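One structure is given here, and the rest of the page talks about it.
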């Protein structure tokens, strides 16, 4: 399914449409407006990124869209249409999409998996819910699980399935969570800082994978990060969030090159500069691509370096 | 050249794991001069935190020497070590867990002062308030508990506590990874200015090469517990010699130097290649 | 501009450019919110707890000055009068003594025994449990084995033996009850300390140069003491009941001391004809225990005073 | 038993307040056990309704000389295993009771007589000194086949009683009895008897009320009050062979107030006996009017306890007794409502200005050491004393015939050593002539009364409650009844 | 694994040994004389002396201890004074009753307390939950003999559906079981509630929900799965403690278990019986404790054998 995103982009209804979305948290200290009337939309094959400082409401936006905030804490208002279905109006509707057309990669990998259930059992469960393999067909489940773990570059997947979360490092857990999210072959993926626990090499691989999925299946991605590099690489549009609302929104290029607000400018200015480097001794072409897709002979553009040459 | 302030020789650290030992740090040697900063980079799980813990003697090295200002602390007994402890401090990777949840920010920062023999409580608290101000936290933070701070604020309390001991060596284990870029920049500035003022020595652990570039004088690159490359920051980052370092360097996303759009065409060609 | 990560101000007062959108939080939302419920529940617990506790404690303290017959005054002609007859609010006992007066005077002794026992057991339990959890090794082995040994011993028999050995004086009984109860506290403290000592703040304290014992006292115990004291509060009821079980088995404090336990155990011979002789003192215990525990829960759940100046 | 544990139509269920460890009485004999023990094993005689010995296995039991009794066994009596009862069995039984350590019986026999067979049913029992009460004493010796008898409590074994044991669980104290087909007397009416052990008074009352058990005995005054008038439940009372006393400590030095009988008598006047009987003990006892229970053979009325606190106060003042503090000790369960009685006493003494403090001992504790004066000083002891033989002389000998020799080993009754009294009791016990013996006995009892040994004493009644469907329970002062007479309505 | 079991077994046996030794010393120090209990209050000094000799109580305490150790080794603790039968046998006969009662009580507790705790954790701080909460606190403060007798009066006399006493039918098990379980249910349900509340708020639960996991699976598989260890440990510990006999309840319901036996043994100062009871119950309790420790890693993969926090 290699639909061309350019042609679909504006003809279809958006995968996700958020209008005047507002999340108010009823806390002991009073009512906190964690998300203040934000609007954006994601079409097939698009990545929309929210950046912003810690505590600005990025995760709350994501969790609110998935209706994962505790019912007795958060009051949602505005409109959230997922594939045309309004999930703020009908709380039941979300049950039909979660784990099927909609998946989440959570922020903190260390606490996101049940410590007493094995990786395998949690992954199998996700596969079953997505309907990709029936509970009875153990072989199919296993095969699919192994395939998913391979996709996220986990070594010796068969062995990892039997392990428990505490036996894996933070980076590995984050990859397992990505695998679980992908298990359902979602149309829309909400990724909350999906690479924060990964070292740069693995991070590259994961970003490659996401891009590739987007190309192949045209999934939409809502990406949350505070890594501007990541944002820049993967997104079509960026929203800069501060204190619960968007201070600036626009195409990647525009935000990065011509930030309109002081806040965004400060943010960009604070990014540590690495500067150019001497790549001459590089002697291993094709490594990254092979790495990412598992195919031997792919062209070798170091993806993450795209456009890095001045 | 005078003797380096911190000299680590042939450091080996083993962890006990079910059915044997796991070598987390394997024969690592490096040194730093007084008033300079060494950065440690490497993939997750390569042993960076373990080196930090060994320097702090939270783990006892299996073998090797850790010479601090001429004294080998690698196998010193805890009792002998205790009086020296204030000279080397650490900022923890996990900002939340490393602060005692029942104490206020002021008490946390004041605690090392008590150990240094500052008797008067008022004096201690005054000094703590000054430090908290230095790391850029507002005055109203003084009476708050760790749970009331954001990750970045907690990290700064940790830094303030470490500085309160007036250490000569400070190990920062991913001290800025929980911070967003703007706060990170502020903290880095603070660390640098302290170094200028007091000549403190830093061991700076990070996986963010940009940060490393900003703060360190020299860099050591680790992989699977071993040292793969060691040299001045400029040389390692601009002209990495080892494969692994190059790989790291290549993977680093540097927004300041990036231009252009999301590489759709490349991805598409990749995908097509896969389907073939 | 401060980079301090601030909580978004309620009502979105932070941004002047933005038109603040109306809050979607309704009264019903607030009433149903977890924070509201928690606050109300805590308030309710505090109030009801205080009332129940005071209802019991105040008359007990004032027992001497209240216009009541002497606790030991017998009127053999007016034995086992049901409650509310002849000015006996609680009725009379098998010797025609005023039950209310006995319950109140007995309460002085019982509460003293109970509180002292609970204090002693709490102290022993927390100290030994903390030491076992923190030091591990042989300290832990010894404490754990003693705990196990005590659990494997018929508790009441041991208590009876000790009382037989040292005589049924109030200090002995207090001590015996404390001995019976410390394992509960110790076990809990130990398991909490086991968790606590692995936390990085302990390493942090070590690096500062604190002595092990200082770390235990200044850092670990303050972090577990709250949980432990809640258990200790619950033990208060058990202490009073244990004293009554001892009386029931004949090892209560020497007669004619009225204690709650003794009144109840004496009354149980008459339970089928004179229900009040056990039930009313029993209810007083229940009232007090429920009160004290609600009070404890309420204090724990009470929302922290808002300190933020925001 | 059905789903609710109700007994079947032909099964009688008894609940005892103490666990019946065996059906033998060599070591201990408590009231509740007697009914069941005697339903399985019997003696030559038994204590009958008037506390007089009646013949059981013997058809003749006569004093045929000053130191000699002649006994003839009933003809054709067989044990439940069909073996005949032989003279040898009696001889062996006596020997075994003698040999067992800590025998409860031994204390009552001044000496064990020798069995001299005459023919296969008749034998003589010969002693060195006269034992005029041997017919009563022999009621305590249960007869078992010689071959199976041992100098210890027999756990099983066969007897001549109307029932045989079919099943038992010593640990739980339950026994199942079934009619003995070989029983020599009139056949018992009830087919099966179940014996259960329910230590808690309230549980026993509940079990009776729910109809789960048919008979409970030894019930306390309060339970009695509770059960009286309940539909389906009937009560029965009998006097008992026990005297419960608040006994003075006779080991006080000469100058001590309690060493003076007048002080003792004055203290007695502080005790409102009638109120205690009426209100605390709910008419389940009678005040003693002598030094033995009136139900005993040989009882003599010697006086009464009068309540007169004013006089008590006056007398004490007159005798110069001031600031007296009494320590009252007793063992839990010594008699029904013990603690209530003691607490009432504290108040009563308080009213005449005498402070009293209580020290309660638990069963198994060391009250004996206290009583013997080895542990601590005390002034009054709450205690009960039984006379299982039904004879006043047994009680007098046990309590009041202390001698300096016995006192040396602390084997007297709370230090009661008054040589004149002892001499009178000895004389009475050795007297073979019944009329003369009665005279001597009366004399001795009066002498005891005059020494004022008890602050107060009372005779408890044996009270038993049963379901309506049970009849034929003839409760004797021994607090037992012959099971053979019991009937069940359909 | 085997090493660990052996080590724990060794420690357990040592515990048992120290326990019985402590009891040996304590009962001999405590006032009271078995001979007096045995021979009755009317026995003469000579008789008492003879009884003491028969029981070997005239020997020096150290020698008695030595004999006791030998007996301990052979597993035969001698004759019970009051039962005139091997003490171990007497206790062994009673043990099944206590085991039955303890098992029934712990099962009832688990069956009621876990759903109750879960129920409470799903509606924290609502009126209903507060009510149940108060009830559970009250449940912890009711004297068990009171509960027992009230149940007896209610369900054996007024509405006679259960027998008042004993163990003749399974019906007899109902009331004592309920009496014991009331306190346990109160304790355990509160604990379940606490654990469940924590786990229901845990991030992994939210993440599982995002995966579309159904709410019943969230509650039972995830939240309960993670609460299982402390709950299981608590149940196990309570069970082990009950093996010593649930004294008061056994007395009230005339349940012939070890609890009432030990009271009786103590009242008669029946040394061999006391020792045998202590030995047997201690062995059982230590065994149960060991089983709990061994089961720990099965329930919680994070725990390795030997590192188990014996809560």
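Just so it is clear, A, B, C, D and E label the chains in written order, and each chain counts residues from 1 on its own.
The rule is short, and it goes like this: contacts are C-beta pairs under 8 Å (C-beta built on N, C-alpha and C of every residue); 3 or more make two chains touch, one makes a residue touch a chain.
Just so we're clear, the structure is a prediction, and the values are computed from it rather than from any experiment.
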In this assembly, which chains make contact with chain C and also with chain E? A, D
Joint neighbours (chain A and chain D) are C, E
When I count C-beta pairs in contact, which pair ends up with more: A-E or A-B? A-B
Measuring centre to centre with CA averages, how many angstrom lie between chain B and chain E? 52
Per the C-alpha means, the centres of chain D and chain E lie apart by a whole-Å value of 39
How many angstrom between the C-alpha centroids of chain C and chain B? 46
Cα centre of chain B to Cα centre of chain D, whole Å, reads 89
In chain A, which residues are in touch with two or more of the other chains? 53-55, 70, 266
Could you list which residues of chain C touch at least two other chains? 3, 5, 34, 37-38, 160, 164, 268, 271-272, 308
Pull out every residue in chain D that's touching 2 or more other chains. 202, 206, 362-365
Chain-to-chain touches, reported pairwise for every pair that qualifies: A-B, A-C, A-E, B-C, C-D, C-E, D-E
Quick one: which bits of chain C touch chain B in the complex? Just the residue numbers, please. 2-5, 199-201, 203-211, 219, 222-223, 307-309
Under the definition above, what is the set of chain B residues touching chain A in their complex? 42-45, 150-152, 178-185, 188, 207-211, 213-214, 237-241, 243, 246-264, 266-275
What residues of chain E sit close enough to touch chain A in their complex? 201-213, 221-222, 225-226, 228-229, 299-302
Contacting residues of chain C [partner chain A, same complex]: 1, 3, 5-12, 14-15, 18, 20-21, 23-26, 29-30, 32-39, 303-304, 306, 308
Of all residues in chain E, those that touch chain D in their complex: 31-33, 35-45, 47-48, 50-51, 53-54, 82-85, 90, 93-94, 97, 149, 152-153, 156-157, 160-169, 171-172, 251-254, 256, 260-261, 264, 266-269
